[in-house]
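There are two complexes below, and they share subunit A, which is joined by subunit B in the first and by subunit C in the second.
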Partner chain A sequence: MAAQKPNMKTLDLDGIFNPERIAMIGASANPRKWGFIILLNILKANYRGRVYPINPREASILGYPCYRSLRDLPEKVDMVLITTPAKVVPDLIDECGAQRIPYVIVITSDFSEAGPEGAALERDVVARAEKYGIRLVGPNSMGVFGSKTNLHATMPPVMPIHGNVSMFSQSGNVGVQMLAWGEQEGLGFNKFVSSGNEGDLNCIDYLRYFAEDRDTGVILGYLEGIEPGANLVAEAKKISRKKPILVFKGGRTEAGGKAAASHSAAMAGENEIFRAAFRQSGMVEVKTSQALMDCAKAFSHYPLPRGNRVGIITRGGGWGVITADFCEENGLVVPPLPEKIIKKFNQILPKYWSHGNPVDLVATISHDPYPECLEILSRWEGIDAIIALGAGRRGFTYRYSKDVTGPQEVMDAIRMASTFIEQRNQIPDEMLKGVRQLIVKSKKPIIVVAIGSEKSHKLNLADYQVVSYPTPERAVRVLWQMYKYSRFLNSPQDERKF
Partner chain B sequence: MKIIEDALKRGAKSLSEYESKLLLAEYGIPITGEAVVTTEADAVAKAAQIGYPVVLKGSGETLSHKTEMNLIALNLRDDNEVRSAFRELTSSTRAEVKEVLVQQMVKGDRELLVGMNRDIQFGPCVMFGLGGIFTEILEDVAFRVAPLSRFDAMDMMNDIRGKKILDAFRGKPAVDREKLADILQAIGQIGLDHEQIAEIDINPLKLLDGKPLAVDALVVLK
Partner chain C sequence: MAAQKPNMKTLDLDGIFNPERIAMIGASANPRKWGFIILLNILKANYRGRVYPINPREASILGYPCYRSLRDLPEKVDMVLITTPAKVVPDLIDECGAQRIPYVIVITSDFSEAGPEGAALERDVVARAEKYGIRLVGPNSMGVFGSKTNLHATMPPVMPIHGNVSMFSQSGNVGVQMLAWGEQEGLGFNKFVSSGNEGDLNCIDYLRYFAEDRDTGVILGYLEGIEPGANLVAEAKKISRKKPILVFKGGRTEAGGKAAASHSAAMAGENEIFRAAFRQSGMVEVKTSQALMDCAKAFSHYPLPRGNRVGIITRGGGWGVITADFCEENGLVVPPLPEKIIKKFNQILPKYWSHGNPVDLVATISHDPYPECLEILSRWEGIDAIIALGAGRRGFTYRYSKDVTGPQEVMDAIRMASTFIEQRNQIPDEMLKGVRQLIVKSKKPIIVVAIGSEKSHKLNLADYQVVSYPTPERAVRVLWQMYKYSRFLNSPQDERKF
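== the complex of A and B ==
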């Protein structure tokens, strides 16, 4: 099967993600069918190529003329999508083969996921595809997305923002929902594939393709298992040197070998071995979907920290303390400020500032020394990254002005306060611009934490390329992952075998 | 490899301790000085050769829980002690002992475990962790997929909670990490080279002046 395929040097899957002409077998005029819904998604998203619906019983669907079969198309297509019932798929593969179609995406389910009969049908489909040299996505795939041609060939109507993150997912649902979630978070995607049953192309093929793809900066993967002998460690080890692979592994509960004679086998659960494989190959393993999103944002927008030393800047003591504690508990270091840096802060800050790291500016309401202090901190060579607490725009204070009634005196006061706060809210916009500039200048990641302003994170990312989270704990976890990956990149490429 | 083929031919499910260690020694893993004997006179002769004190163990592939079966005589200091231990082991009613292993007595200060198992998806994997009785109690182990690079082997040692056990400790030197890395890489290579081996335990791997030494070993065949 797929694992036995020759290990080609480059795997060209452009025709799957950026095809210029596609046909859809199983296109339907019935809005309750995937053959209608996927077609609608493709059209609605302004696909830049040409689509040919194939359905012998309809003259046109959604205003597009229908064709009886692949043979009747006016031009050759790069890729064919299939949404017909499972039993006709083998013959359709023959038709694709006769028309020399290089790529086929089988959305249709009822294959190996449905039992032995489906499995036999799937083997038939895969064997026929192999005979013609067709590369197959699925079966049982929820579709693909490609930003270059605006191809949104997915079952749900997700409209991802365009970016440099590419994702493969062994669960269609998890995958498309990550795309939708990214939309809310301001995270842009370049390519996506729901790998389905992986009858032919499997997650390691997609990994290898994304690794060579110039438009992909960060690879995301949702993984439940790999084919025996697939050599994930060796492949991912090479790829991780080029770009980060963030991976979320589902199905982590299986215990170790039950009937084993040795400790080594009895204690080796699937979870432990996957964890080892990820660590060995420099893959960034996250334990939650939230962490996958958080890491994707930072890895796709920020330089990596060169080490694990963190500078913390805060407007109030408590959050700084919490952040420092969490850093130290998670393998990051919060080094003390040297005298020369303290002197610089002394020139700007009131006497009662913290005189240490975390740099606590203590609440000042008139002049905001934050941007200046952040710049001083970013220039200090004693740290590799910064967590900037309260640097985001519009904290909870701006809710002040809404929906309040009361005596005239109070209303006047609120209006004055609101005006003042509005003015202050202009400052953070300037500050976020400044944060981005400091990141570029210092080549250090500066992660912003804006507590209680859950809606601002998308704008911070989209408008300023500044990564922010609503809690310091999430910021620390992301930094720790970045540090670990950076350490992997700096580890010797010593593959000396035994 | 002949040891493995012979064992498979006679239908054995695992190699004896002695055979297991011969296999390890082929891959440069340091093992205790030892010999298999069948007579009392030979036991005494080999004991003198290895140097006192020695250990006597009932030998054979069916005898994998020697402690529980009381088939181990520790810390034998002279010819007389070897003689009486030999007689006792070979007359044991708990198991039929035809062969006896005469082995160098190692008073190592720390016990580690190095092992190999096969994962359905990843193939041979190496395990490293705390050995002896702590293996089961603390379950403090780390895994790596074979083949291990030098970096993997070194990194693996820091991947257990009890990694301090490898540092200098109560006047004893720190473990020779280079030697330990050799062993971790070697055990992965054994897994890659020999499809017929299902599992391996080196437990304990003791530290003798910081040098790791395989004191007991079990090679399970497929």
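== the complex of A and C ==
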């Protein structure tokens, strides 16, 4: 195991994620082979380094000259990708060793996930790699992504947004789909690895590497199992102090554990042991795939709340009620407004405002008091975070039917009203800029909620660095996780527990 | 209270939701007044009936001749909308009474939600209405929607899809936004009412009406409070036997209850009492706004599962694990596959398939065994429902960068691969048709999961009557609610409990 090696104090995996020269053994001219598809994925994403296809039976693939073997390359490469059938992989490792290749990614499957024979083959591959000091990703990996050199060496052509989130995944599918989903949601990734069977490098190694990696701000992990010897708690405890680790554990139940055992070679451990490990080491365990996505956005863009007191501001009473309920049911507190803050709102709002927290504005068509109210709320020292309902872009649009007939006046009025509605639907530029400024000024997370379309949420994040969700409940769940992590960081070192 | 009136055995509110002739008192030529905005909303949505604006100071509004009073109308109307200031409403009720108007919707606010004075005014309004036998929506209502005559008498211009879901909401904002959100998600509504202060008609009345309404298949309610005298359990118990009632209760906590009290006149009751009432009467209580939306889609389109045993089929191991975990953590069971079913799959699938439930297919590019496998699974009598991961449209698209440069061969390959990917991304027409057929044939709900965009989910529902969600966890939560309701229906009548 990597963690037991003496030379692994700082684990340099740059050659896997940011290689400048790579070779692909098993490169293919057959569009149905992974050796073609992954090569194309690398090329089409404008990889910034040089890539050398290796295939003794082809002169060129995709217009790139093809080489017979590693020995024939014009320069030394940082990393080798292997997509050949399993049985030739051990010899290829020898070849990589002879050429002093430091990193090899084995995409090839049919190893330990496929039964005892495959397991024996995998042991052989790993033993040879160890002999040469080669660090191995996989086997049975769906590939890697690195934003620095634009390396998209994954099976499906995903085009992640670039950001500061790095992820390891013990399920290739869950991993690559998080990248694709993240693109829709506005979540940017820095690095990604599908860890496959973890014959050599395992998720703790990736954790340690991401921890030292300056470009990584938040670590995401989809985990199914860890080898019994791995010291997850000790490693994660150190890392959690530096940056948040968001972890989603598959195989929590008997049915899930069985399913995990059938598709990956990792051993799913006892759920209670994992849960305790996460708690003790300050890892942020999420319980749903949506929460993994949602938390990643907020942790990578927002300051942590210092406590669990939430201010709620809303344009409609019911949504404020729903938000307050969900806060109080999930470990957050919605404190009452003190008299001095009520007085401040009284000066701005019509007399029928809620006079409490949630701050329920009274709708006025002429003037929008929202930005001013949000600022007052953000300055109140009695809260640690804000949920701002109806700030920013709408997730849906109010609109008029297109096939209306009627008197000219109706048509004119519809045109006028449509223009008005369009203005209201348009990017509330100043509002979102204001939200971001208040976050910076108050050092409090202000999470926006707007019912509907993920498109608006992606733009809020991309254009204004404002995190928003389509329901208040998702905002509450994220805030609760941020609060728990903040509490972990602020508790005395020897008592730290999530 | 309505429920105590002897003549209310069957409650006919057709004139509120399907009126053929309506009048609007307070109709206005001023685009900033609700009397203009709501009138425009009615006209622009191609209301199928006739609408008469009433305003003594205008000759015409929006090109429609304006009338001085109800007395001057050329024909009797079914329903009157009032948007005037509060203080004139009592006299207007007298006027409606004199003209034998059966239904009045009072949009006007400043009644009991605004303090003691408003409460006195509201009592006056209600007493006069009762004297004439007028049934009253509101006051302080955000309006109604009825699909039969295309009546869009709501404050914001929402354009709901037509369907078989009818909703009452004690928060106008929550209600209208559910309609707008539903349009995005593909959820169709039949009727909607923002019940406002419930001076006369209350949510139990709407429940009873929706129960008898042939066009309503599923009842949705956002509830904050009910008058102490209302017999929710007794009414709902009868109705739950006929059609599902999905209820979302605001004001479950102290903070939420306070917020509810500040914006609506309804009294938020003790949470435990409500919870017990929901359980005893078979109402389906959801805990999040998302669950209300999700459940509405499934309950209105799918048969109920007979039990809690779930079959899972997936194209990627990790998502199967996640789904199985969430099932078992939330009251559902993922039974192991019996030998005879395993044998059937063995005949179709490559040897490395999961040999269990979840059924994890092995990806093949050439042939997609998914439809065949789904059919086998649906025929297995050991399960009551299916979660089908990766069936149907993708929520996101795999794609290639547009600004790639490289040798001609790369460009050609990208074109070719893009075409291939587009084909895979395209509507899997046969697949979705097949899913619907299997639902009909097996009488089991088959819920599809596809990560990402709500657009694909809307189309799955609109084009194929297939319910899909962007995460497996949402599918599981819905199935659990369907199972609980099914159990309620199937238990002996005197023991029925949710």
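To be clear about the criterion, the second predicted complex is superposed on the first by the 453 of 498 C-alpha atoms of A that agree within 3 Å, B and C clash if a C-alpha of one lies under 4 Å from a C-alpha of the other, contacts with A are read in each partner's own complex, and residues count from 1 in each chain.
By our rule, a contact is a pair of C-beta atoms (placed from the backbone, for glycine too) under 8 Å apart; a residue touches a chain by one contact, two chains touch by 3 or more.
Note that this is a predicted model, so its numbers are computed, not measured.
In the superposition on chain A, contact of A:A277 is made with subunit B only, not with subunit C.
Residue contacts after overlaying the shared chain place A:E329 against subunit C, while subunit B stays out of touching range.
Of the two partner chains, subunit B is the only one touched by A:V233; subunit C is not. Once chain A of one complex is fitted onto chain A of the other, the partner contacts of A:E473 are limited to subunit C, with no touch recorded for subunit B. Of the two partner chains, subunit B is the only one touched by A:S491; subunit C is not.
Look at A:G225: by the touch rule set out above, it reaches subunit B but stays clear of subunit C. Judged by the touch definition given at the top, the superposed model places A:Q347 against neither subunit B nor subunit C. In the superposition on chain A, the residues of subunit A contacted by subunit B and by subunit C overlap at 260, 262-264. Against subunit A, the residues of subunit C that register as touching in their complex are 31-32, 36-37, 40, 43-46, 60-64, 113-114, 156-159, 169-175, 177, 180-181, 183-184, 222, 224, 248, 250-256, 258-260, 262-264, 288-290, 315-322, 324-329, 333-334, 336, 352, 354-358, 360, 365-366, 395-396, 398-401, 403-410, 413-414, 416-417, 420-421, 451-454, 470-474. Interface residues of subunit A, counted against subunit B in their complex, comprise 225-230, 232-233, 257, 260-265, 267-268, 270, 272-273, 275-277, 279-280, 491-492, 494-498. For subunit B in complex with subunit A, the touching residues are 13-14, 27, 64, 113, 115-123, 125, 127, 135-136, 139, 141-145, 147-152, 155, 159, 182, 185-186, 188-189, 198-201, 203, 218, 220.
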